[in-house]
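Worksheet: the structure to be examined is printed underneath.
Letters are used for the chains, namely A, B and C, taken in the order the chains are written, and counting of residues starts over at 1 for each.
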Amino acid sequence: MTASSVGKPLDRVDGRLKVTGTATFSAEVAVANVAHAVIVGATISKGKITALDVGEAQRVPGVVAVLTHLNAAKVPGADKPTEMTDKVVQVLQNDAVLYDGQPIALVVADTLEHASHAASLVKATYAAEAAICEMDKEIGAGFAPKAAPGRPPPDSNRGDIDAALATAFARVDATYTTPCENHNPLEMHATIAVFQGEDHLTLYDATQGIFGLRKRISKAFDLKPENVRVISHFVGGGFGSKGSAWSHVFLAAMASRATGRAVKLSITRQQMFAFVGYRPQTIQQVTAAASKDGTLVALRHEVTSATSRFDTFAEPSANVTRMLYACPNVKTSHRLVRLDVATPTFTRAPGEASGSFALESALDELSYSLKMDPLALRLKNYAETDPDEKKPFSSKTLRDCYTQGAAKFGWSKRKPEPRSMRDGNWLVGFGMATATYPSRQSAASALARVKKDGSAQVLAGSQDIGTGTYTIMTQIAADALGMSVERVHFDLGDTTFPETPVSGGSQTASSVGSAVKRAGMAVRTKLIDLAVKGKGGPLNGMSAEQVDAEAGVLVSKQDRTKSDSYEAVLARNGLDQIEEKIDEKEKAERKDHSTHAFGAHFIEVKVDPDFGEVRVSRVVSAFAAGKILNRKTARSQFIGGIVWGLGLALHEHTERDPRTSRVVTKDLADYHVPVHADVPDMDIVMVDEVDPYVNEIGAKGVGEIGIVGVGAAIANAVYHATGKRVRSLPITLDKLL
Amino acid sequence: MTHAIAVGASAPDFTLRSLSASALALRALRGRPVVLAFADTFSIGGANADLLREIRAHLRGLGAVLVVLAKSAVFYFRPDDDVEAFDDASPELAREVRDIATAYGCERAMPALFVVDSEGVVRFARRNVDIQGAGGVEGALVAALDAAGRAVLSPKRSLLLTRREWVVTGLVAGFILAFVDGCRDNGAPSPMPPAPGASAAPPPLPAPPGSGDIDVTLNVNGTDRQVRIDPRVSLLDAVRERLALPGTKKGCDHGQCGACTVLVDGMRVNACLTLAIATQAPWAKITTIEGLATGENLHPLQRAFIAEDGFQCGYCTPGQIMSALGMLTEGHLKNDADIREQMSGNICRCGAYPNIVAAIAGVRARKEV
Amino acid sequence: MKPFAYSRETGLDHALARGKEDGVRYLAGGTTLIDLMRLGVEEPSTVVDLRALPLRDIKADGDGVQIGALATNTEVAYHPLIAKAYPVLSEALLSGASPQLRNMASVGGNLLQRTRCSYFRDPSSPCNKRMAGSGCPALDGYNRSNAILGVSSSCIATHPSDMAVALLALDAVVHVRGGGGERAVPMGDFHVAPGSTPAVETALQKGEIITHVTVPASPFAQRSHYVKVRDRASYAFALSSAAVALDVSGGVVKSARVVLGGVATKPWRATEAEAELVGKPPTSMSFDAAGAAAVRGAVPRTHNAFKVELAKRTVARALRDLVGKA
């Protein structure tokens, strides 16, 4: 195999579809006579529905059905999550209202206009109860979440933190908070549900996990899993919110079953703040202590995050503190408080994004107490092995990230004093932080097939939520098959394809990529076998080791004039195609290693001294994430993560009215995300890293690490620029006045 | 002896034994609705991509699969899979198809189309489908599918529902009218018992004068397109839901994201806050993302977005590209540094901003727009 | 959205006749109206589209300029008569919304845009402005974006327009036509503070149409400047803004205009701040004093208290930049 596609900055194979508007997102699948459904949301946060008047809604022309808890079919298991991504859903099963915006009715009509209007006419009367949403007031009622199977425990303790603190030279004790943030992918959650008879259901759904969705829905509707088909060819961003089957998917299916029609349900932007998850608020207490030379002697990280009354999701913010630095005494804990709110969920780098803000801010504070360069402090405490799992890293090239990033950024030009750098009227600050994210792998399957025309088709369930799955899988498959990418067609997003995990936790490339690679290799091996052992042909009689594959042609390594094309091999042997399906498991060597990607952010901010407006003016970020499968799409993932970090640092917060627990900031004018003008160009350094243990393809995943540390790097830069330490995100200007 | 299979009757079972690969039996498809189409000749070659898309759309709408029985070939259509063609024309196949057609009473009335529900009951029957002016047999099939969809699905109550579900949705009203309506031209209707608790549809709400559906012409991408809409329909929903141009995206429906950006008379606007009725021809000319490429030739901005990876999920992309085009032609862009401000009406939640700016700056530098 | 009838009028008199009917709303760019209709805040039964009316010209008017009510925000902002002679107006317009929205939004509509108060925009919430007597949840709820000036115990909604702030600083006059003929309403009288009737936002009578706005020539128009402070770099409403204009001669301020945006229930002319400036040399000290004077009487609340300091600084900074610019 000489020419390799993996690693090259190949243009996205689905690029053409995306720029011409012909990539079909879920709500855009063509369905004749589709009925439109609109959800009616509760307008209280706690209590009971005492009356529902749907008369006026039903009289709107074109209305097909109005479903409420009084007439909706029972959905067993709606409140019984079984998998990690499952959520308790509210699908018109009773009169209870548990949070603002909870679905209380569903209107189905012939047009969107009729359905929306009718939905606005449904009148609910409630017996409301006092709802609580102020987390700080509930913190005394914090409880420890149950450890999820296969996940790190909520608490950890190594060494003797109290003894260590007694001897420390410098110490920081601080409380950091992060707000509730909504994912807000630009494509709103959408489902088209088509019941075919009673026993078959097709869902065109904007989801990060077609198989998880199939499992949850088939159980809830008592259907055979193979009779539920989930199709999701394009997803307009997910970031975690589309990793679970939320209420609207069930409702769309219920409506299709009840009306015997195909039903399209696209939720509104306002509803994106109601029942599709969010990153929960956290309150994090951190103690960091060091000896005089900067050696960390103690780290304590106590996290409390908020969840709903009926479901348990804990933001694992302190996990990063357990493993990032070589510190002998580390104690961490996670607690939950219940509020009258909807259930939170995984959000881009769940735990790491919020937790690294606290940890990496505390380290910055410590560096000032020690009068030590923040980068030097990190290098001083570099962990050569994973201090938490007590295992070697499968690979770790963080030191190169620090040095290359710092050099490109010009970190050495940083004047140590806060408020010491200016550009005209602007205050200038430099900040840095470390990034890390676990490299996961789950079981995944893939199928590869070479057809008699010499082209290949490769299939794996999976999803492409913008991460570039289509493209990198095409590249991996092409290399494994010994073909050029132009002849390889990779398809995904259909539960009739081989089973794969959820696109979350940065595991798609590693899990699906490993399966695709092995499936491709298996087909190639078969082809070579046929060429050397099958009927005739120029390579017949050679040993398989003597044959190479290149651009769909088998060649003898000794005598390159001897070659045999895939078409010829298949034709001669009377075959239409050769295919192999591979079920790939976690790579065995992973057990003996700690697997993480690492990186370092160097960020410059400018702060208006009068107004406290913060502008991020320069970003240099270096990452070591194993094999980079496609430099173009990987760079995009890093950039995207950093833009998210910028939003987390400066803009994003969902606010509730403390008296009603209702969301106040529920659109994109009130919930600010970064716009073009907020985002500078970025310098992304991809540090070479070879990792033989992490998985079959040596890639660590690049989807989430970009955001990790950015909150702290910006906060640290703001401190450097202004001398003001902001410990509560986002850093809105009022906090700097 | 021919007898017409009536709506409400059981669909005669059949098994096509002559098919070489595998036998195709109606009974084996039981459990989901099936559309049966009979034609003297049918060829998938005649079904171009658009037609195929339409057939699939109809099958999704009906929740059905489609079996086309022609004397020379049999085709099995499912909405989300490749069409299976059994086209090894043999005298046995022709005989089998003729026999089945006889059982359905349409051997002399082709093309004919039947919708059979999941329990094997015929819900719609149409014989002698007009093929003149319908674009041949294939076009006629789509027209018949459309008629079938309207008949069994609209307006209140699907006739494809089986008995169990009738009970579940007892509060849904107005199905009797629909039933009668749907079957009017299909021979003898066989009334279903009403669901418990169901009542006739209440009279619709009074609408303000002049607010009914109106026929308007929209000039989109240089073509006049007729749509029948209610004045509430936004330009965004008109192109997405009525004109099958879903390239323009909805990200907020309130002017807060730019995903819906289109050009109206060359100026970029938010289609979500624009009434379709107010941009009808000849008042306005609309350009959407679907109108940029000429055939296979992409617009320079489209090429640049691909080359610079100016997107991730691609959902904001049509809006970004249309906005960039508007920006470059409206003439207020001062310099490259100004691109960020001038593009700030287009949110990219994936954060592809630096690459989007690079793509636009490249097009600008090369003076391609 | 409630159903409505649509009509497009080409003559002003016809449009005015339609406007007398109940439940009629005029439509210009639609960026406020359609938005609020989709939210269920506005529920007209008839929408009368004004865009075919000949009210789009921007032309010289004596020494000043006349701007048609249907001229778009983009057209006004970039018009040579405006950009040069009335920089504050151009700057204010270009700081507002997005290029797309500015291509749609009209001058008349911009003056009549409604508050972004989140409770007002949610029909399931009480709101005195939307439903008289239902209460004002913003008073003690989440009120970060709400006003600190011109407030009442009934309503603290911020007027969100940038353009109107500049127009007030320029002594513009709004010309309206109604059943009773033409009226000219000075900008200072056009918007009204909520008092006990927050639903009443302007001096416009039922059915009246804004035909144009005139901006007079003034000694300070050309030396004018707009500063807007917001939560992100673009595409956001003002947390605070200031339109300032100075006529300086002989090293002394002869006359001044200081108008605040983003912090008040209507475009807020700070006459006390102007008084601090007049008769003195334009120095940082008097600018700071003007800033302090501008927020005198401010009523801060839980989440918007920062606006007192911010508005003060916005005024001082706008003045400093203005003098620096010249």
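Rule of thumb we're sticking to: a residue touches a chain if its C-beta (ideal position, glycine included) is under 8 Å from a C-beta of that chain, and two chains touch if they have at least 3 such contacts.
These numbers come from a predicted model, not from an experiment.
The touch graph of these protein chains is complete, with an edge between every pair of chains.
The most central chain, judged by C-alpha centres against the centre of all protein C-alpha atoms, is A. Averaged C-alpha coordinates put the centre of subunit A at 42 Å from the centre of subunit C. Chain geometry summary: the mean Cα position of subunit A and that of subunit B are 32 Å apart. Taking the mean of the C-alpha atoms as each chain's centre, subunit B and subunit C sit 45 Å apart. Counting only residues that touch two or more partner chains, subunit B has 207, 230, 232, 253-254, 340-341, 344-347.
Each of the following residues of subunit A touches two or more other chains: 113, 117, 667, 669, 674-677. Of all residues in subunit C, those touching 2 or more other chains are 1, 3, 233-235, listed in ascending order. Taken together, the subunit C residues at the contact with subunit B in this complex read 1, 3-8, 23, 27, 29-31, 34-35, 38-39, 45-47, 49, 51-52, 74, 78, 97-101, 103-104, 233-235.
Contact residues on subunit B toward subunit A in their complex (touch as defined above): 31-33, 53-54, 56-58, 60-65, 79-81, 117-118, 145-146, 149-150, 153-162, 164-165, 168-173, 202-205, 207, 230, 232-233, 237, 240-241, 244-254, 256-257, 259, 288-290, 292-293, 298, 301-302, 305-307, 309, 311-318, 321, 339-341, 343-358. The touching residues of subunit C, counted against subunit A in their complex, run 1-3, 40, 116, 118-119, 121-125, 137, 140-142, 144-145, 229-237, 239, 306, 309-310, 313-314, 316-317. The touching residues of subunit A, when paired with subunit B in their complex, are 11-12, 14-25, 27-34, 55-56, 58-62, 64-66, 70-71, 73, 110-113, 117, 184-188, 192, 194-200, 202, 229, 231, 234-237, 239, 256-262, 266, 268-269, 465-468, 494, 496, 632-633, 635-637, 639-644, 667-669, 673-677, 679-682. Contact residues on subunit A toward subunit C in their complex (touch as defined above): 43, 113, 116-117, 120, 610-611, 613, 615, 650-651, 655-660, 662, 664-667, 669-670, 672, 674-678, 732-734, 737.
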